[in-house]
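What follows is a set of notes on a single structure, which appears directly below.
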Amino acid sequence: MVVVMNLTAGPEQIQAVQQRLEQFGFEIHIIRGVNRLVIGAVGDRRMISSLGLESMPGVEKIVPIMKPYKLVSRESKGQNSLVKVKDVVIGGDDIVVIAGPCAVENREQLLTAARMVRQAGAVVLRGGAFKPRTSPYSFQGLEEEGLKLLAEASAETGLVTVTEIIDEASLELALEYVDIIQVGARNMQNFRLLRAVGRSGKPVLLKRGLSATIEEWLMAAEYVVSEGNENVVLCERGIRTYEIATRNTLDLSAVPVVKGQSHLPVIVDPSHATGERKLVAPMARAAVAAGADGLLIEVHPEPDKALSDGPQSLTPEDFSSLMAELRKVATAVGRHIK
Amino acid sequence: MVVVMNLTAGPEQIQAVQQRLEQFGFEIHIIRGVNRLVIGAVGDRRMISSLGLESMPGVEKIVPIMKPYKLVSRESKGQNSLVKVKDVVIGGDDIVVIAGPCAVENREQLLTAARMVRQAGAVVLRGGAFKPRTSPYSFQGLEEEGLKLLAEASAETGLVTVTEIIDEASLELALEYVDIIQVGARNMQNFRLLRAVGRSGKPVLLKRGLSATIEEWLMAAEYVVSEGNENVVLCERGIRTYEIATRNTLDLSAVPVVKGQSHLPVIVDPSHATGERKLVAPMARAAVAAGADGLLIEVHPEPDKALSDGPQSLTPEDFSSLMAELRKVATAVGRHIK
Amino acid sequence: MVVVMNLTAGPEQIQAVQQRLEQFGFEIHIIRGVNRLVIGAVGDRRMISSLGLESMPGVEKIVPIMKPYKLVSRESKGQNSLVKVKDVVIGGDDIVVIAGPCAVENREQLLTAARMVRQAGAVVLRGGAFKPRTSPYSFQGLEEEGLKLLAEASAETGLVTVTEIIDEASLELALEYVDIIQVGARNMQNFRLLRAVGRSGKPVLLKRGLSATIEEWLMAAEYVVSEGNENVVLCERGIRTYEIATRNTLDLSAVPVVKGQSHLPVIVDPSHATGERKLVAPMARAAVAAGADGLLIEVHPEPDKALSDGPQSLTPEDFSSLMAELRKVATAVGRHIK
Amino acid sequence: MVVVMNLTAGPEQIQAVQQRLEQFGFEIHIIRGVNRLVIGAVGDRRMISSLGLESMPGVEKIVPIMKPYKLVSRESKGQNSLVKVKDVVIGGDDIVVIAGPCAVENREQLLTAARMVRQAGAVVLRGGAFKPRTSPYSFQGLEEEGLKLLAEASAETGLVTVTEIIDEASLELALEYVDIIQVGARNMQNFRLLRAVGRSGKPVLLKRGLSATIEEWLMAAEYVVSEGNENVVLCERGIRTYEIATRNTLDLSAVPVVKGQSHLPVIVDPSHATGERKLVAPMARAAVAAGADGLLIEVHPEPDKALSDGPQSLTPEDFSSLMAELRKVATAVGRHIK
């Protein structure tokens, strides 16, 4: 950490900062600049927030040098982590395609979707049973009934399943029925829930918050891993910007940035990011080319009858064509899709 | 609602949309433009998301005309709502100042802060017992112990109290000890929690999410009110933008915008918005001038020893001077501060 | 256009709006909703800003239905436009790679770069002679001397050239020496300059402004085309968001969005968008997979001696490897790179 | 400046960085941290961009300590600068109100507006003669004719005048007729124009760019001042964010932030920021309470007939009432309005 003192900081203020740092075990280096004094302090990055330095008289700003996360950092582990769920491995050479409807609506809809996405090459089935909806007047999901249908679809097709949980009660239910727990964008900083998911030990799909920095996203993953659960898959799903031509702005650069800073696998959700069916295919291809370890794609047997997010869902036919395109792009970048 | 058909939409596509709308009870008006056809549809705004129109062939876009919220809208109630908590009224002529430390740290800190902010004219005491922290390695709050200290401070000083809850368990605890429940920015779209807070009937301080639009914020309030709890106070606390000179960008325009669209009271938190002590006073004055019904200000007896957010906390002396300034501005805009 | 009247609009206010619209030749459709009245108006979209409707008493808001641009819209021309510069065609099956240093620094640097990028397969040479720099104390470019070096490099290698102009004086000079005129992000709404570039008739590379919406970007292109110059190539180069892990956020979704709304070719600049060498290759691959018609990539013979933007420049070796990767991705999406 | 080396940086890489720094006259301090080495370098901040350090092998990042601007910084001059134009002083105790129509439309409109705003207490008349418009099909201004009308209005009323220039040609014309030159948001980084304005020596109103950071805005001012023209007034006018309830988001915190970092006066434009008449008054009051040195307010004799930005223009009556309110707020914060 570097502590920048302001122009008018007097000797006793500098000394006070120095003492505070030494008291917490930091090693001190004083650098006298042209106009101001800078204190380099070597010690435990995680202590910074306890030091209260920014409130001390004479301190202009604190510049941290180390990253605030540790367990999920590339520095703590050079090799890529592999998250294994039954026979599916996320983070290896194979690009993992997760597909299915936004919401589980009924038995026929889900089973039809499951068979069709499996046929096209998806290895994980998605389906929402608990839907966080902006309006209290919108469809909120089938809850446990939806989870049972996911389990049934899995039993029939052999697909691994993933569903979003929205609180500890839904987590407990989901743990019984599905293979991967999804923490949605709105809960990325629901720290209690992250800890609970961490304690569960189940594989986790952690979506990036709508306006989360990559650093905050990795800190959220750190919450899960710090409870002993290393099976975290990150999912970029678009961030909020001023641009309204797309629902969100898909930040594909996040893929190589995360790959550089963390050992965790990262996948991309082009459906929620763009909100528009026609944009899903080009952005899915781009995600694979950028190095994503997987994709999360909404597919609905009859998108115009969907109870949630129909406009962004692919038909099974569209999805099947897309898979053919994705296989070519995967090959072009030295990866593979089942 | 207005449905814009695309250039190439054929008669059977137009008819299909028309039938779907009529089936849901909408009244139809066809407008033939120079290049494209537009369908005006009169009916229940809350049905739109169930119609799936955006996925129908030939549909280019849907333009809603009505606001998606109803109970919290100015149209549903012309008069300003007053939220009453003991002898404190939020939303009336008096500007309500809420003050206290970011986190409850110990008995002495909280009682000292309570006495001092009361002395200076605050009528509500804030203090965090459950702290949502970005890092799993930071101080997470005293939990129930903190709530007990808030109750003790209230008993001694007569101040009304407010504390943030972070899940249903903390909500249940808080209901026993404090007067106002705060839903933090990170939980603004935790819809389960909003419903639970709604069912509790307690006065609620609902902070705006870090990247929430004003419409989404009002929809979150609609969740609470739709459970029968009308005691909602909105709190603007800065939004995330590209600017890094301040922690967040305080969106003061939100005050008059909310006042125009809703009957609920709205207050402002300049401490979290700016993240810097020197900016709190000017932005607090500006908030009062913009028409805010109250302020939420962090005050700590010894900011440089604070376990959380010290750099933005005022000293009791600073707070006392600020109150004197605020009284003058309040008078200038025809309001009053105790 | 749809005019939404507010709840309290009286008959004489409605009539006044109606008269204003009719006076400007609009055809009127009145739709009476549950709570408010809506006026559908069919006429010339470009008249809207002259109508002053938003200021008329009783008007709540105006919702335009048509796009504000015309000449550049996909609706005005179904086929993709091809921009031809000597033997280079932008917008066809071939993906066009533009490469070279950020700034022209001296003869040796530019000629070395030109030979090397040509060798690797680039068909256009970039090099800045007029540098818009944030600081008045930074290197501002070689100006005409730089243009001459570009012309010399072109003569030797056969490469087409592109350079940024920053005002009418630099435009006039550039017209003498280079093949394509670049309008930078900071000048995307310098409307005088856009008109001048339009009148010149030269092929134009129009970068998206740092916080321009896609609609504003297309309106900027409309300025150029409305002067009779249809040779416009759009270039996505990252937008400003709250994320600081990358210099800007590359908005790759803009590629398919623009392709849907306009007939103009669109290319991508991953170097400026990311600001970091390691991110250039993955984002270049992603751009090709998303459907970009070309790439603009910074290459410097010795990046660590560059006078401008060294950290994002590739070495010639990196560039050569990248070209090999890009060819594979291009083939995977049915395109071709020389 | 602090240079952070990455984890794997070897001794020869560290030495190379050290040599580069010493070669440019920097004094070096090596700090060995737990995991990585950090180099503190004391020297001329303005040299940083020439060093190319970020491209050197082993370098992870560069953290500048000093601000990049110098002449405009508070550190270079402790006292507030006063910008004097005839008998108007901007930056002193008096809050300066600039008012008038968005665009000069005709003689009667401008003279009526001038008389009315003067009557209400404005001391500077605004009026656009060169309008940068998003659409090539919108009204572009009366140009020299408009400037002459401004001069006439000034002669009659004694008001000081300000108008926006959009290139060097319009600057030259404006210098003949008006007292203050406005550089608009879209030209805030038109560096050639900034230099030309600097050389002119005329007082300058420098609007903040739509997505400019405060640092970039001060750097733009540095361009003007570095040409010897210290008469710069900064103007906050809203920034682009994700929020669409207002045209832009007025960043009032920028007022105290700029006051802390620079000695230049700063005023606020609530009309363009909000884009809506009803929001102008509350945000104008808030700006004064936040410490602004002045306001820029659009007033039009007949807003619903305005050729540009009618919806945000006040009527003369509204403006007159607002002035009465502003005088009270100014008094409350120890300032004064004529």
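Each chain carries a letter (A, B, C and D) given by its place in the written order, and its residues are counted from 1.
By our rule, a residue touches a chain if its C-beta (ideal position, glycine included) is under 8 Å from a C-beta of that chain, and two chains touch if they have at least 3 such contacts.
Chains and their UniProt names: A, B, C, D = 3-deoxy-7-phosphoheptulonate synthase.
This is a predicted model, so every value here is computed, not measured.
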Chain separated most widely from chain A, comparing mean CA positions: D
Selected from A-D, C-D or A-C, interface repeating B-D by over half of its contact pairs: A-C
Between the pairs A-B and B-C, the one where more C-beta pairs touch: A-B
Inter-chain centre distance, chain A versus chain B - centres from mean C-alpha coordinates, in Å: 26
Computed distance of Cα centres, chain C from chain B, in Å: 39
Residues of chain C engaged with two or more neighbouring chains: 211, 240-242, 244
Chain contact topology (line, ring, star, complete or other): complete
Complex contact set, residues of chain B against chain A: 46, 49-50, 52, 54-57, 68-69, 132-140, 166-168, 186-187, 189-193, 195, 210-211, 216, 219, 222-223, 226, 240, 277, 303-308, 310-311, 313
Chain B residues touching chain D - in the complex, by the definition given at the top: 211, 213-215, 239, 241-246, 249-257, 260, 273-274, 278-279, 282-283, 285-291, 325, 328-329, 331-333
Partner chain D, residues of chain A touching it in the complex: 2, 4, 7, 29, 31-36, 38, 40, 42-44, 63, 65-66, 75, 211, 240-242, 244
